[in-house]
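In what follows, chain A forms one complex with chain B and a second complex with chain C.
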Partner chain A sequence: MSRRGFSWRTMLFAPIAIGAATWFVTQVPQDTSVDRPFEIEGAVGETVRLDYADLAVTDVRVAQRIDGEGGAQAGGVFVVVDAVWEAADRTLSIGGAELVDAQERTHAATSRSGCATATTAVPAYGQRITYCFDVVPDALDGAQVRLGRGGDGEDGAFQRRDAVAVVDLGLDRASLEEASADETPLWIDAPAPVVEAGPGGEENA
Partner chain B sequence: MKHARNAAPGLLGVAQNLFASLGTTGKVISGTLAAVVAATPFGAWNAVADDAIPLAADATVEVGPYEVVIEKVVSTKTLGDVQPLDPADKLLVVVAEVTNTSDVPAHAHQLADIVPAPVGAGVVDTESRPVPDDAEPGDRPLPNRYNIADAGELDVINPGVTYRVALVWNQDGDAAPETVRVDLAGLHWIEEGFAGLDDEYWLPTDEVTHSGMFDVEPPKSQAGNGSGSGGDGGGADAGEGDTGGAEASGGTDTGGGADDGAGTGTGAGAGDGAGAGTGDDAGAGGTASGSAESGA
Partner chain C sequence: MTAVVDVRERGWWRRNAIWLAVLPLMVAAAAAAWSFRLMNLWWPTELVERVDSVGAGETAHFVGDYYDLGLTDPALANTWVTREVDVRVLDVREVDGLPQSVLAEIDRIPDGAAAWRVELELTAEPGTDLGLCQVMLVTSDGTRYGEASKAGTRPDPLGQGNPCMPPDSMDSIAPEAGTWQVSTVLLTRAGDTPDEIWFSFGNPHYVTLDVP
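On to the complex of A and B.
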């Protein structure tokens, strides 16, 4: 049985091989190709089909004041997004809700005045909820909402390699002028199931 | 035992032998290093308040993702429906304007991290125990925080948005300081946490970065409390002057919030009277109409 030690070739090429492998790993674009969620785009009124749930953004409104479980005055302006979630095959938590503007700034949903930041989706019927985002007026142009089951977190860790709906809200400066003209607080309905199965149903249970 | 002298000397014995073998210079150096290491867990490297940047009223300073302007400090018996836990105590209110200058949302609870309880103000904790003036920022009680515009509790501050906030502590009823020291503590951005498990967040450093003396506006009479819908009830003390409008709006719109009830911390929502329910963002409504609704 041979008891030879490492040959000079091994001593030479092993560090080179390790170095090359390390270099290769650092070249893999992990932040984009690997970690990025699968974004499914949609528009207001459309149903976005994710692999775990269907989502429909049914209405988008802008207001300076909202009222539901207590009134709230916007620091900027409230973007109020009505949505219906219906799970595909099992009950699940929906925790991700953020608004991204044209400058790629992200904005979190607020729980003020009874607005929802998360919900539970179930199969067979839709769950209607209302998201509210208090944003600066210049965030309205090109604003999109990113809604998904994974929580946003600071680093988006909970949405990696998962499906996320991206819905263009179709807002602009005119939306802000309408909101400014109407000082009546916008009423925020409590979350409720929708009778008609599937997103887009009109009647509440 | 015969072989006892050959037993292993142990870590301490090794250290003693090693130290004894050193020359004078080596002993001095190793002793100094040991002293530094021993002092490290006790805050040897912490910044001291003397290094803090001077802070003045209406001066804009940057802390973490925020631009902060400390407007004034007020001592008051009540702030709308918000009352001290002990009726004999008072409320100490720091009124500030905060703006998120970053591109990502900031959690409003960080305001409690960056504005520790003022020093020399007679602040007491939630069990009415006095807070020592030499308490570290991280050891001082956290304030309740309210958006003055609607008297609700803030949860998130999005990029570019500015709020005028009231940070509220319990204050000893006998304390009547003319001035208090307001400190701001820093936040440190963690780009990548240990092993990548928790990335991209602001970590409180509990180190004072700004510090300044502020006059304290004393309590005023409670005239007008509890009548009609004007909303000039309790909140008047802490928000007089240009906050009047804000309180009035709270008066008509936060009735529902008051329904939620008693709140937490400094006793928000005690003005509910009927004591209906509990909730975080109740209470600050601070208005006659809100109380009337909830009482019903």
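On to the complex of A and C.
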């Protein structure tokens, strides 16, 4: 084939190929199947097995006031979630914690009053952590927590195509009424290793 | 029948022309899929460079460069320093108790875990900075016990100091003796038996030593 023939074919096909490739990329459904995290559902008291760690949400409480490193009054109501993380095969930073309500509103975890928003998980034993979310009262119905190693990034970039645990908290209007009736602040423990096995585990003092 | 004969006559290259055209695209897609690993070439955030690997009882030679901020020795501030340490495993055995320390978060072996005492002999030029020293136990399935967190902020939950330093040392500088022994305790899952010890000062360099 002559040099000239190669040249006109290239000039003809290259733009077509680039155009076709661009069209193909725009057809890929980027908002759903491509970059969504792998959500693994669980319930309170169950162990959720992610590929990088095991997670158990051990307790869920609702309170108006919390106390730990200085007290805090909720703007709405505090949802306090105790969880235990155990890494699968290496030391991990766990940074993702958000509460999603039935209306798909996302609430970030708060660090007020000693509540933790991140921890380090290791293999060999569990690490207990208490997350707190200050939410509007109507967010309790059907609220779920999304916990994972990736942080909360605005667009979920750090959870893209990674496993995330989604745990239904089993809360409703009655939980709020109980919380309103009790004025005692809920004590928030600092994150600690779980030394004693069993439901919820008992951390070392 | 004639059609079948025609197809055969077209030859292998022509029959597979579409697949041949697609092949370079598939190779390019596969290369793109693993290209994130190239990041380790210029920004190694993992233990990716195994400097030495030795059998049971042998001495591994650790060599790794680090950028010194001059926190320990101001004369070295903002320079690249080569750290060289020889390490040999003297003993690895399961133990029933944990070291006593007022800094410990864990004062007894957690349920479902086991404790291992690792004894090492180290040799380094006196004055070598041994900060960020890590000793890990690794099982045959690749589980790494005792690895420091990426941020390097989490202290040892057993309250032990730098695993490269003798127990009474106040800093992380190699002692005058030149050769010395250290002992550290690591937790694993109960039932897991470590095959290897990994020795490192943070990413990306490490050496591996078979457990005697």
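Criterion: the second predicted complex is superposed on the first by the 179 of 205 C-alpha atoms of A that agree within 3 Å, B and C clash if a C-alpha of one lies under 4 Å from a C-alpha of the other, contacts with A are read in each partner's own complex, and residues count from 1 in each chain.
Here is the rule we use: a residue touches a chain if its C-beta (ideal position, glycine included) is under 8 Å from a C-beta of that chain, and two chains touch if they have at least 3 such contacts.
This is a predicted model, so every value here is computed, not measured.
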{"item": "Per-residue contact with chain A, leading partner among chain C and chain B", "value": "B"}
{"item": "Contacts of A:V135 with chain B and chain C, given as first, second, both or neither", "value": "first"}
{"item": "Which of chain B and chain C A:S175 touches, first, second, both or neither", "value": "neither"}
{"item": "Which of chain B and chain C A:Y125 touches, first, second, both or neither", "value": "second"}
{"item": "Touching partner for A:T58 - first (chain B), second (chain C), both, neither", "value": "neither"}
{"item": "Which superposed partner A:E69 touches (first chain B, second chain C, both, neither)", "value": "first"}
{"item": "Touched partner set for A:T106, first chain B, second chain C, both or neither", "value": "first"}
{"item": "Chain B/chain C common contact set on chain A", "value": "none"}
{"item": "Touch list for chain B against partner chain A, complex", "value": "103-105, 147, 149-150, 152-163, 199-201, 246, 249-250, 252-260, 281-282, 285"}
{"item": "Residue ranges of chain C touching chain A (in the complex, touch as defined)", "value": "105-108, 110-113, 141-145, 147-151, 154, 157, 187-189"}
{"item": "Footprint of chain C on chain A - complex, ascending", "value": "88-93, 120, 122-126, 192-198, 204"}
{"item": "Touch list for chain A against partner chain B, complex", "value": "65, 67-73, 75-76, 98, 103-113, 133-136, 138-139, 154-155, 157, 185"}
